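Structures for review follow.
What follows is chain A paired twice: with chain B in the first complex and chain C in the second.
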Partner chain A sequence: MRKVGVVGAGMTLFRRRLQETPKELCYEAAKMALDQAGLTLADVDMVVSGSAPDAFEGIHMKGEYFLDGCGGYRKPYTRVFTGGGTGVFSTIAGWWHVASGLADVVLVVNEEKMSSCQPHPQSVFAHIWDPILDRPLQPNLVWIFAMEMNRYMTVYGIRKEDIARVAVKNKRNAVGHPCAQLPDPHITIEDVLNSEVMAWPVQRLDISPPSDGAAAVVIASEDAIRKRKIRDRAWISGVGWSIDSTMWTDRDLVFPEYVARAAKMAYKVAKISDPRREIDFAEPYDPFDYKELHHLEGLLLADKGQAPVLTREGVTERDGDLPVCPSGGLMGVGNPIAATLGIKVGELFWQLTGQAGERQIPHDVRTGVAQAWGDLMQYGCVVVMRA
Partner chain B sequence: MRVGIIGVGMTAFRPTTPESSWKELMFEAASRAYADAGVDPREDVGSFITCAEDYYEGFGIFDEFVPDQLGAVLRPTCTVSGDGLQGLATAFMQIQTGLLDVAVVEAHSKASDVVTLEGVLEHGLDPVWTKPLGPHAFVVAGLEADAYVRAAKVPRKALDAVIEKNRGNAILNPIAAYGARLDAGHLKAATPRFEPLRSLDVSAPADGCVVLVVASATAARRLKARPVWVRGIGWASDSPTLETRDWVGATYARLAADRAYRMARIRRPGQEVDLAEVDDRFSYKELQHLEAIRLAKPGEAGPHVARGDFALDGRLPVNASGGSLGCGNVFEATGLHRAAEVAVQLRGEAGRRQVDGAKIGVAQSWRFVPTATGAVAVLGVGA
Partner chain C sequence: MTERVERWPGVELSASDLVEGKVTSTRFRPNAKYAWSAGEAMSRFLAELQEGRLVARTCDGCERILFPPRMFCELCFRPTDAWTYVRDTGTIETFSISYLDKDARRIAEPILVGVVSLDGASPRMGLMHYFGGMTKDEIRIGMRVKAVWRPPEERRGSVLDISYFRPLREAER
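Take a look at the complex of A and B:
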């Protein structure tokens, strides 16, 4: 298998509403990533893009629409789409473009512009359900995640304040992120517990915000990295992805088995036999605070029901034994679905190359894992990267 | 590492399929493909790839609805928002990495469920520059047909020859929706649509599903399959913006073909290719694409088709399947259907439309209006 590395990353501001068109957001992130790698579009062999529902922008085949913003003009260009999983999945697609030997340098660009969807992007999620079995119940995402969170809390006897700690940690971590939408250096557990109830047990500060934004990474083969004398690189040493049944009502929501399958696949590729010992930090997908905990367990970095304990004991703080979401995560930096690439894979790259600035983990880290989650609580994808 | 197609499964293409959901269409085509390849999806397949677009499907996130009917639950599965040939390219790359050795590619159309196809396509136009002008999306095809027909000096009778050939070939294809024997009277009576296009120049939508099982040479040996090798594959996009794209030469097809031929070590495609399946969702597209992928010299595809060179018994049979004009427009499944047809032809299993002795075939795709994206696959049998 060819050795493949990330050599540059870029991202735009994450904001509730940005003035730029989707094409312009793609351009900004792509340019930043190429600049960081010291490359230009002429060096790029192929382009991969990632974006979640077309309905956010209201553009049919939006991947085709913004392909020139991504640098895809007159190049082989493909868009991949695995719901929220796209945030990390497009990097996996970029990896196989290079690992297959078909390309030496690939630009991966993810974009999301949720603010075009009026009055609220939540309305797009009215159309993600089975039209016969689910849709007549008029569910929304907060509603079903409340069910999942409740199940998780009930089975393991988890207290709400232990989940709220994740929101506090991530929003504080985000203070050092120049793109962050909701950083808060003063937030407390009480703030989270006193915020408006959306659908019990989900409260307003348990949820990441909808955002506009774009992010990009440049992926290159070992040969290309050596030939171009690129100094800052982080190797992609494992990839894995898995989807569970569409019938979310038929499974126990307490454990994300699909994340565990994806993680096992990625660890196998990366030759990791003991993830808890071999992985130094993690960027799991945290659109809701409880999801960080859920995903840490899915990633086999915590025993079932034990992730809240790690959080309470400070293990997952930036200076803890297993820093989790040192970027500030979706909770703090924002959640432009696919563009969370910048705070998952992008953060791994910046941390592993010592470029995370104020967010840099204070001790030496050599191996990180990023994970995203999508579709109907059914998609997991995992990337392991090494310095 | 060589990669080949070891299983082909298709449903019939029909204008409407009221008795089956799109999930059932997928199940049917997948079951056929798995049986053909002799694989158990739950054990033998390393990756599943679906090619789909949300707006055609009527869902916010179509990827959710893929796994169960493909046997892909708790397996590596993903959606490529592209044409089926881009899905085949994805499978090709995944296998080339060495990470897995069998992959499944699926694409389908349930066009009969789409109540407002015109509206869906209109939403593909640039929301700032083009959509506000209020055109029907097929205006893009009309404008391009006009530019191409003028530049290549294509006479009306060449477009009619494409329609007559493809609808006629479709009569010999049991899965085709729109086989017909057209005469001069029918062609003359076609109503003007998007000048210079007329009603018969535009393919009609159809429902259908295509599934391919793709494997490495080692896995093919293990499964005792007779692979149709993917000797070359390429894909490319021209400008999405109408104002800045090539309106005459289908640059996306030329770039994709250049890559595919280079990989397949084909230097003179005109002489080396035995049959071709190219996108003909508008009649002129067949001619434009043949020139772009160098199976005809610029300006010569029209005279060739008028002379019968692209007929089933011609020098280079083109769209023996009946193409989209004859089989129906199955949207993202169009390119995968063409790869499937080439595979079936190269295996010698194409029945009454069999092209004898074909060893190398080309499948070419385009992502339909308003895009300028396409792919080319060179398939071959033998050593």
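Take a look at the complex of A and C:
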């Protein structure tokens, strides 16, 4: 396999509603990523796009609909989809195009426009449930996360306030992000604990918002990087992905085994034998505050049930030993499902090339891990990147 | 970035911009309807529900009793072997107290919902369902529960043939 690097990243604002069409959002993010890499569309061999279910935007064949904005026309172009995991998975698809030697430069563009679905995208989430077993109960998507969070809290005896710390940290981290939808420099644990109960134990400030937005990265081979004298690059040194059974009522939700499998695969590819010593910072998927903790354990960066302790001790703060979600995460920057690419893989690139500005981790970081999660609490994908 | 980027693209809209027509938009309401064939395992499962029974499948490969039933074992990747009944009592594995309905509208009286693992199936194999006959302060993980069935004439061959799961009484243990 060839050595592969990320050489540019771009993203739009993340907002509850944006005026631009999906195509326009794709174009803006893609153009910014190409400009950052010092490349044009003519340099791009292949294009990968990623987006969540078509129903949010109400346009089937969404990948075809916005392909012009992705720069995909008359090129080998593929839309990939792994639920919420798409935010990181499309980069893995771009990686294999280049690692295999099929392409030298690949443009990866993810887009989501959830605001088109009226009055609330929640009604469309209903269509992910099993039509026979689950749908007659008229489920709300928040239910399953509430159930997972409750089991996680109960089995390990985790207090709600130790989970709320994640929301506080990430919304504060997001203050330094120019695209952030919900940054809050003054938020406290009490604010989270006193916010509206949606589906206990999930409260309003435990949950990321629906968002519109797009993000893109440019991926290139080592040869292309050398030949074009590209200065800013971060190497993709490991990739992994795994999915668990859709029969979610037959799984113990206390530990994300699928994330652990994806992480082990990525660490093996990256030749990482001791992730806690070798990984300097992490961008795990945090659509809910407890998910950051759950995923840190799945990524083997914390013992089972111990991620809240790391958070309480400040280890995961931006200036801690293991900064987690220095971008501000989905909790602070927003959750345009697939477009979270910009705050996961994008943030790794910006941090590892020293371009994160106000969000830059104050100490030297050489290795980062990004992870996304999706489908019925069953999909995990992991990318390890090095400076 | 982020340092070198001067313009972050995107024009923010408020809900009223769309609802009150302050920005140009178009509208469409799909009228999509579906009929799902329940398939082999679920057809028997639903028919048994109408009779007030919960049915599972056994797998001789992993020796699990699979509930909800399926015709193939995802672990052994082979056909499952036989039908067997599990009991209508079980344990609450997890739950939520929901103030949201299916469209994320707020509701005053919360829904108690969760996963119940059924006695007689392999460990932790269960079903999502409602809980009743208990308050939001009483419900807890590990609580023993029993199905409350709808009267036979009201059953339709649906998971809703069970109204909810209520606390198991001392005499029923």
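Criterion: the second predicted complex is superposed on the first by the 387 of 387 C-alpha atoms of A that agree within 3 Å, B and C clash if a C-alpha of one lies under 4 Å from a C-alpha of the other, contacts with A are read in each partner's own complex, and residues count from 1 in each chain.
One rule holds in what follows: a residue touches a chain if its C-beta (ideal position, glycine included) is under 8 Å from a C-beta of that chain, and two chains touch if they have at least 3 such contacts.
Predicted model only: the values in this text are computed from it and were never measured.
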item	value
Contacts of A:150 with chain B and chain C, given as first, second, both or neither	second
Chain B versus chain C as contact partner of A:258, first or second or both or neither	first
A:40 touches, of chain B and chain C: first, second, both or neither?	neither
Partner chain(s) touched by A:247 [first = chain B, second = chain C, both, neither]	both
Touched partner set for A:355, first chain B, second chain C, both or neither	second
Contacts of A:21 with chain B and chain C, given as first, second, both or neither	first
Partner chain in contact with A:58 - chain B first, chain C second, else both or neither	both
Which of chain B and chain C A:79 touches, first, second, both or neither	first
Touching partner for A:139 - first (chain B), second (chain C), both, neither	second
Residues of chain A at both interfaces, chain B in one complex, chain C in the other	58, 126, 131, 245, 247
Residue ranges of chain C in contact with chain A within the complex	1-5, 8-15, 17-18, 23, 28, 30, 34, 36, 38, 42, 46, 66-68, 70, 74, 93-104, 110, 113-115, 124-130, 136, 141, 158-160
Touching residues (chain side chain B, partner chain A) in the complex	53-55, 58-68, 72-82, 86, 89-90, 92-94, 96-99, 120-124, 126-128, 234-241, 251, 255-256, 259, 367, 370-371, 373
List of chain A residues in touch with chain B within their complex	1-2, 21, 52-55, 57-61, 63-68, 72-83, 89, 93, 95-97, 99-102, 124-128, 130-131, 239-247, 257-258, 261-262, 265, 269, 374-376, 378-379
In the complex, chain A residues that touch chain C	9-20, 25, 28-29, 32, 36, 58, 115, 119-120, 122-123, 126, 131-134, 136-140, 142-143, 146-148, 150-151, 154, 177-179, 196-202, 212-213, 245, 247, 249-253, 350, 355-357, 359
